[in-house]
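In the two complexes that follow, chain A is the common piece, with chain B as its partner first and chain C second.
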Partner chain A sequence: MEGVNWHSFYFLLFGMTACVFAVAVVLTGSIVRMAFYLTLCLGATAGLFFLAGAGFVGAMQLLIYVGGTLVLLIFGVMLTAQGPFVSMKTRAGEWVVGGVVGAMLLGLLLQAAFRVDDWMGPDPGVASAAMEKTPPGELGIRLLGKPGDNEQAVGFESGYLLPFEIVSVHLLVVLIGSAYLARTKRRRRATDAAEAEES
Partner chain B sequence: MAEALSEYLWPSVAYLVTGVVHALLLLGLVAVGTVIFIWMERKIAGRIQDRLGPTRVGGKFGWLQTVADGLKLATKEDTMPRDADPILFKLAPYIGLCASYATFIVLPFATGWAAVSSSISIFLIIAILGLEVFSVILAGYASGSKWSLFGGMREAAQVVSYEVPLGLCVLVPVMIAGTMDLNAIGEMQRGWFTNWLVFHDPFTFIVFWVYLTCATASVNRAPFDLAEAESELVAGFHTEYSGVRWSVFFMAEYNSMLLVSMLASILFLGGWHGPLPVFDWAGIAYESAASPFSWGGFLANVFGIANLILKGFLGVAVMMWVRWTLPRLRIDQVMRTCLKYCTPIACFCFLGAAIWCWAFPGGVLLKPAPFAGVRETDEMIFTLSAEATDGVANSSGEEADAGEAATGEVAASEQGEPAAQQPNSVDSNATPEPAALAGGEQ
Partner chain C sequence: MNLLAEPVGASHFMAVGAVMFVCGVVCMATKRNGLGILMGIELVLNGANLNFVAFSSEFLRRNTEYALGVDGQLIALFVIVLAAAEAAVALAIALNYYNNHATIDVDRADELKG
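Take a look at the complex of A and B:
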């Protein structure tokens, strides 16, 4: 009992959950079930982030991917579905393409993994220490253009201000675009109605 | 506790025991809370409708009614429609319960007393609370019934849109406190009730009400309970559920009601601090989360928990009062409330509070500045952050969440625990009267 390494235990638990449900996503046909398995898979990945001491990234993962994207996915399926349960048939060609892409990614990751000389066993204190060391406030400072030590070393003088602004402008464009799309549709319908009345 | 136990046990066992004890304490709160809430709901509904509510079961006030209900539910047949998707149908209720229960992990109950103390606890709570919508959507979809499907769709639209103003409302206290750590936010409001963030400035006062509205909507309570809408959709997303699985939905709902009310009390209403700083006068309360163990501090914290839970219960009672007073909104009214009222008001108050913080760095009522660092921020960074707020707050709530919350944290990055904190009331009233003692922790 003395030697139980809870860090490893939870790492394996989350890792296995993520892998099992990732496979389930590939194998199942129903889109909503797929989204549900993806929820569990991404949730387990968020757990891995928490375990690594990256609490902010983990919370972001939950908020954006699990809470945002997947809800919208299911919502979209519910709005557009013709029959009661939508299922997706995958053709042979898609399996081949997917398999090739997946194998390439796996090869890349394996190569990177085996290039590490020496894997250190997890130290139970590491995660909490990492949490303590990098409060999320640092992230905000970087986003506002104050470079950290690492970035300065590689000549990244302005921190993450530029990417942050690009993303902000991008989001603004998307919002305006969607508002515009919704608006034109309504206007056209109004004019249609007006024409119908005239004729 | 784990450290204390590990002197007698193996460390891993000690941690396990500690974890189980914490989990059981939380589970006890959640389960007992639900029992009481259901009874409260019946009583309040009865009184508001000029009825008595339950009176017989368990003697005087019908206080065993919930237990009787529970027994009835447990003996009900567990049915599932033939058209349902069996896996999702069976799992859906538990997802909601898990999500709303998991948020209690990072919720602090008193000075330094959280199951897991995290520097981003408020952010985590918002993130996990957002997962609760899954249970409703999946239940609605998997039931294979049109009523359920409509309920699920309404819920999805409602919750996704109400997350934006809710996030903006939560940002205001985060910005004022300069941290996303709920423990620090609660500690900041130590002292007289004038230190509570709801009285910090006029903008926080408005934001508090907006938060209450959005929180009611996000936990799917009347007047925002379009997902069930029994007059039009039979019972909405849980039309096809019966027995225990049905009751799990309601455990989740009452649970998240308690959670958002406790969150409201930590963010705006002083959290575990009473209106009068009785234990600070007595000098036994913990100075900060890092204080060493003392029996006085322990006692103060126990009263703090009672305080927080009482405030949470009051919040839930207000939600019930609202539920039985106001009629249900239509879906377009719900959307209009969110997009045309809540979001702009929250944005406006966020900017207003930012300007207020800049104009009155020491605050007007909030006297002891706990995070001395907040006020000594680098001027450049502060102006930058104010500009960024303008742009981002208008463009997207979610992005703003990340950017600004982190920005507000600029100053807190030194993370001085509230060391500069003095009970400012000591000079005014050095000797607490017994009456104040009794009244203070009410």
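Take a look at the complex of A and C:
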């Protein structure tokens, strides 16, 4: 096992897991299996975030995405997956069109990704020892308004305080709005009708 | 194997992100279940997020002064939070649609007039 770059090894492990389960999400027909494969795919993406040195983002990916958003999606699946809606077949023509467009898009993106020499990675033996994580405190300080050190960065003179506040209010609005949307209208109408019949 | 011995770079992260993005797009295009389309959107957002995080790292490229630094990670965090909000609203709409039409097939959602 001499000469194995363990960072690259774990990148291959998590990257292959993410890719394989992303393809599995597309190919499987059952909505329940899609939810399960998506969980594994996003978990492997959290591993990739850790490998890129973004420990806090990886932890948030696990907590919010895998632990929150996907649980919400799985609840949606459980509420709606009844009888014919568990697996709905797609017509062959749509598969062909979607596959052709997807293959073309994938070719374009891969070509763009491997075009630039600067992105191909550090020189061998230079940086693999220096993979250090960004401390979460730095993210918090930037969120509270400290401007960045980068002189070339345009805008964001006040750090990320304004986007942070906008996102907070946005989350509140979204929660109220979705609670208003998802309230049970039909059942209330049924009880109204029952009360009207009784009286 | 060559890839095991050499350090990976932002290009390799971008390749994984591209696969996830394309899978999400094809998922959105071909699934008939409304929740399947939501899952495609999650895949697209994660593929984009992976690029932001990869470019924020100084250790995945040769010229370290061009790295996004903490900015990339903060944008990734904002994307995660906004994706959670989007999933909540979209799920509320999907459940409302299921309650009113007794189906989740988006091909039959051509009469959503209030």
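A few comments on the model shown:
One rule holds for everything that comes next: the second predicted complex is superposed on the first by the 137 of 199 C-alpha atoms of A that agree within 3 Å, B and C clash if a C-alpha of one lies under 4 Å from a C-alpha of the other, contacts with A are read in each partner's own complex, and residues count from 1 in each chain.
Definition applied: a residue touches a chain if its C-beta (ideal position, glycine included) is under 8 Å from a C-beta of that chain, and two chains touch if they have at least 3 such contacts.
Quantities reported herein were computed from a predicted structural model and do not represent experimental measurements.
Once the two complexes are laid over each other on the shared chain, residue contacts for A:Leu79 go to chain B and to chain C alike. By the touch criterion defined above, A:Phe36 lies against chain B but remains apart from chain C after alignment on the C-alpha atoms of chain A. Of the two partner chains, chain C is the only one that A:Tyr65 touches; chain B does not reach it. Considering which of chain B and chain C touches more of chain A, the answer is C. Legend: residue contacts after superposition of the two complexes on their common chain; A:Thr90 is shown touching chain C, with no touch to chain B.
When the two complexes are overlaid on their common chain A, residue A:Val25 makes contact with chain C while staying clear of chain B. Contact with chain C, but none with chain B, is seen for A:Ala52 once the two complexes are overlaid on the shared chain. Note: residues 3-4, 56, 60, 64, 68, 70, 72, 75, 77, 79, 85, 131, 138-139, 143, 167, 171, 175 of chain A belong to the chain B contact set and to the chain C contact set alike, using the contact criterion stated above. Taken in their complex, chain A has these residues touching chain B: 1-4, 6, 30, 32-33, 36, 39, 43, 55-56, 59-60, 62-64, 66-68, 70-72, 74-75, 77-79, 84-85, 131, 135-141, 143-146, 164, 167-168, 171-172, 175.
Here chain B touches chain A in the complex through residues 10-13, 15, 83, 85, 87-88, 91, 118-120, 123-124, 126-128, 130-131, 133-134, 137-138, 140-142, 144, 149, 152-153, 156-157, 159-160, 163, 179-180, 381, 384-385, 388, 391-392, 395-396, 398-399, 401-413, 415, going by the rule given at the top. Remark: chain C residues 3-16, 18-27, 29-36, 38-40, 42-43, 46, 49-50, 53-54, 56-63, 66, 69-74, 76-78, 80-85, 87-89, 91-96, 98-100, 103-105 touch chain A in the complex. Note for the complex: chain A touches chain C at residues 3-5, 7-9, 11-12, 15, 18-19, 22-23, 25-26, 31, 34-35, 38, 41-42, 45, 48-49, 52-54, 56-57, 60-61, 64-65, 68-70, 72-73, 75-77, 79-80, 85, 88-90, 94-95, 97-99, 101-102, 105-106, 109-110, 112-114, 116-124, 126-128, 130-131, 134, 138-139, 142-143, 148-150, 153, 156, 160, 163, 167, 170-171, 174-175, 177-179, 181-182, 184-186.
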